[in-house]
């Protein structure tokens, strides 16, 4: 297979533009505070563009990205260090051929709901569930698993991968006390999933306020 | 009646401008997440301009709209697909001659309050009720019915229509676990209704916090 | 006393600029939804500039203001109708010579806290109390009276005035289920009072969340 | 040691730029309402640039800053009055050689959580803890002490200093009913601490909402 440098350059340019716009929108909502979160976009058979470690997601520029392989290893000798969570992105791309973008955020309802004594959040009865790819009815039951946190991100990626193997229909997973991972066939679809899930978790937390 | 193309073109242009501005404002508040919501404006005896399916409401352009009749059927052969909820807009225009704009949002308090075990939300004692067309006192009792959700939008439009026939004084209705429908004699009036009702539902949810 | 038209024109220009900026800031925070709220600025011995009825406070232009006397009666034959609550502004200017600006908002914590079964909100122990004019310590006890709502705004202005006569040290008052009135020696000071009080009411509502 | 005026001018210029950008971001989030909060940046061995008293933090210009020594005394004869809390900044710079910026905010969750009957907030189990300088795991236990408020800021600075001597590993402290003080090796690091801590306090308050 001939390597087409011009095509990849074009894919990188578009990925940077889309992910930077996503970062500005999420930052304005308080979903990536304190340089948290990380974003990626698949740009080839064996290549992913990912945000570098410690970048402010509301102000992403081309210099804040680098290319990695599906194990999370950098493809270029020079350039910034990848996010420590790069293997978690790879675990998603390896399992789901349709996944072309992965977004990870620390949004408030997302993080608050991950702290309960349970191993999944079950969502049903919401029209907003239809924002998840392939869902066609509010009667859909979406189970978002919660994976325990682990600072060894290779081990965490393996645990998350095992969880995804057991729940292949989930559109996302939570890491306890940490945040949300979701993906999509495009940056737009992955972003739609983030917006829908943060909204749904917020509704779940707030419905208890009613008398 | 002669068809006046120039007048309709002018009406479409103004409707796009007003609805796009509404979309930007609602998006900034988080009221139309994940491409949710849909907006329409009556532009003639038998024609309505409505947002296309799956559009991002914070970034509406003329290409995101199409013309439908009062049953929700597209009036043009080419162009985008209407929102699946187009019949719900028609059900409102058919019943209320004064309705010239319909707005549907998935705002957080709106959705959270629709989830209780009840068939209506009753609001009274708020000065903000006067933002609803024709209401002149905080002593007004506004009953906002809650209609069960249904993926068959023709059936849902019929159910919502029956509900509107039973409660013709309501300024809006909720669909359970879904969102809010409201309308007005102009885009500005319908937008005022959205802002007032989301505020009132938020107050209803929060008053329980007091000790 | 010679009437100095040039001075008044200058005062009006500055008042419009300051109140429009205040409106944009409050609108972005959701404190004046659905054309609610009204603002005024004293521009002479017997003249006040006030927002017209039904204006969108986030988009104020010179055409959205008019001159009234201290009873709330328009001073010009032509021009827009004053807010129905104009007499409430006069009641404040008549009582407090130092009051040069009055701001009325429907902010969420403000409105939610006005709904309890009590006739005042007492605030103490907050450093933020020092944002209220003349307060020098967090040990200050600020009592914000709650006046019952009334659609007869002349009667409401009289009731609010009587309340202000009984609690002359208060920096603001609430109308039940309605909103907040506060004032200051400048638009900046009145705006500081709005920001401080909405923050303090929010803290009062939220402190109950702690375990 | 020769005094290098050009270097200091450069340091001041950069400090103003960074702190003004921080102020705009914090103001948009509602974290410095009603001219509250104050910011500083160490610009030399014995000199700190600090915001003047009563400034609006969302609109900082060079005229809103002045130079003080580590006791909080102004270094220039002319110019604005320093914040009354200048000695609290000095108490931090004196203790931590690595502290080059200090940020103080009145953010809502920060203030609400400071009001409980306790003398510290303990945070653990959150990935976001890693936004605090030197923290490498969510298992880290961060104890943020709460110091009682005092209008005598020299006495308050001494009390806060004593507290910092007892808890030298803390990344911040709260003043009861008042707000947060945190610091960093740069404005960016101190800002990261503010964003992380407000997020974590918000999660602590909200986790109680779950059933």
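Chains: A, B, C and D, in written order; residue numbering restarts at 1 for each.
We take it that a contact is a pair of C-beta atoms (placed from the backbone, for glycine too) under 8 Å apart; a residue touches a chain by one contact, two chains touch by 3 or more.
Quick caveat, the model's predicted, so the values are computed rather than measured.
Student: What are the mutual neighbours of chain A and chain B in this structure?
Tutor: The common neighbours do not exist; no chain touches both.
Student: Rotating chain C so that its CA atoms sit on those of chain D: what angle is that, to a multiple of 5 degrees?
Tutor: Rotating chain C by 90 degrees superposes it on chain D.
Student: Report, in whole Å, the distance between the mean C-alpha point of chain A and the mean C-alpha point of chain D.
Tutor: That gives a centre separation of 32 Å.
Student: Using CA atom averages as chain centres, what separation in Å is found between chain A and chain C?
Tutor: Spacing between the chain centres: roughly 45 Å.
Student: Can you list the residues of chain C that touch 2 or more other chains?
Tutor: In chain C, 206, 209 touch at least two other chains.
Student: Give the pairs of chains that touch; include all such pairs.
Tutor: Between chains, contact exists in these pairs: A-B, A-D, B-C, C-D.
Student: Could you please specify the touching residues of chain D with respect to chain C in the complex?
Tutor: 30, 33-36, 106, 108-109, 111-113, 115-116, 149, 151, 175-179, 205-206, 208-209
Student: What residues on chain D touch chain A, complex-wise?
Tutor: On the chain D side, the touching residues are 29, 125-128, 131, 136-139, 192-193, 195-196, 198-199, 202-203, 206-207, 209-211.
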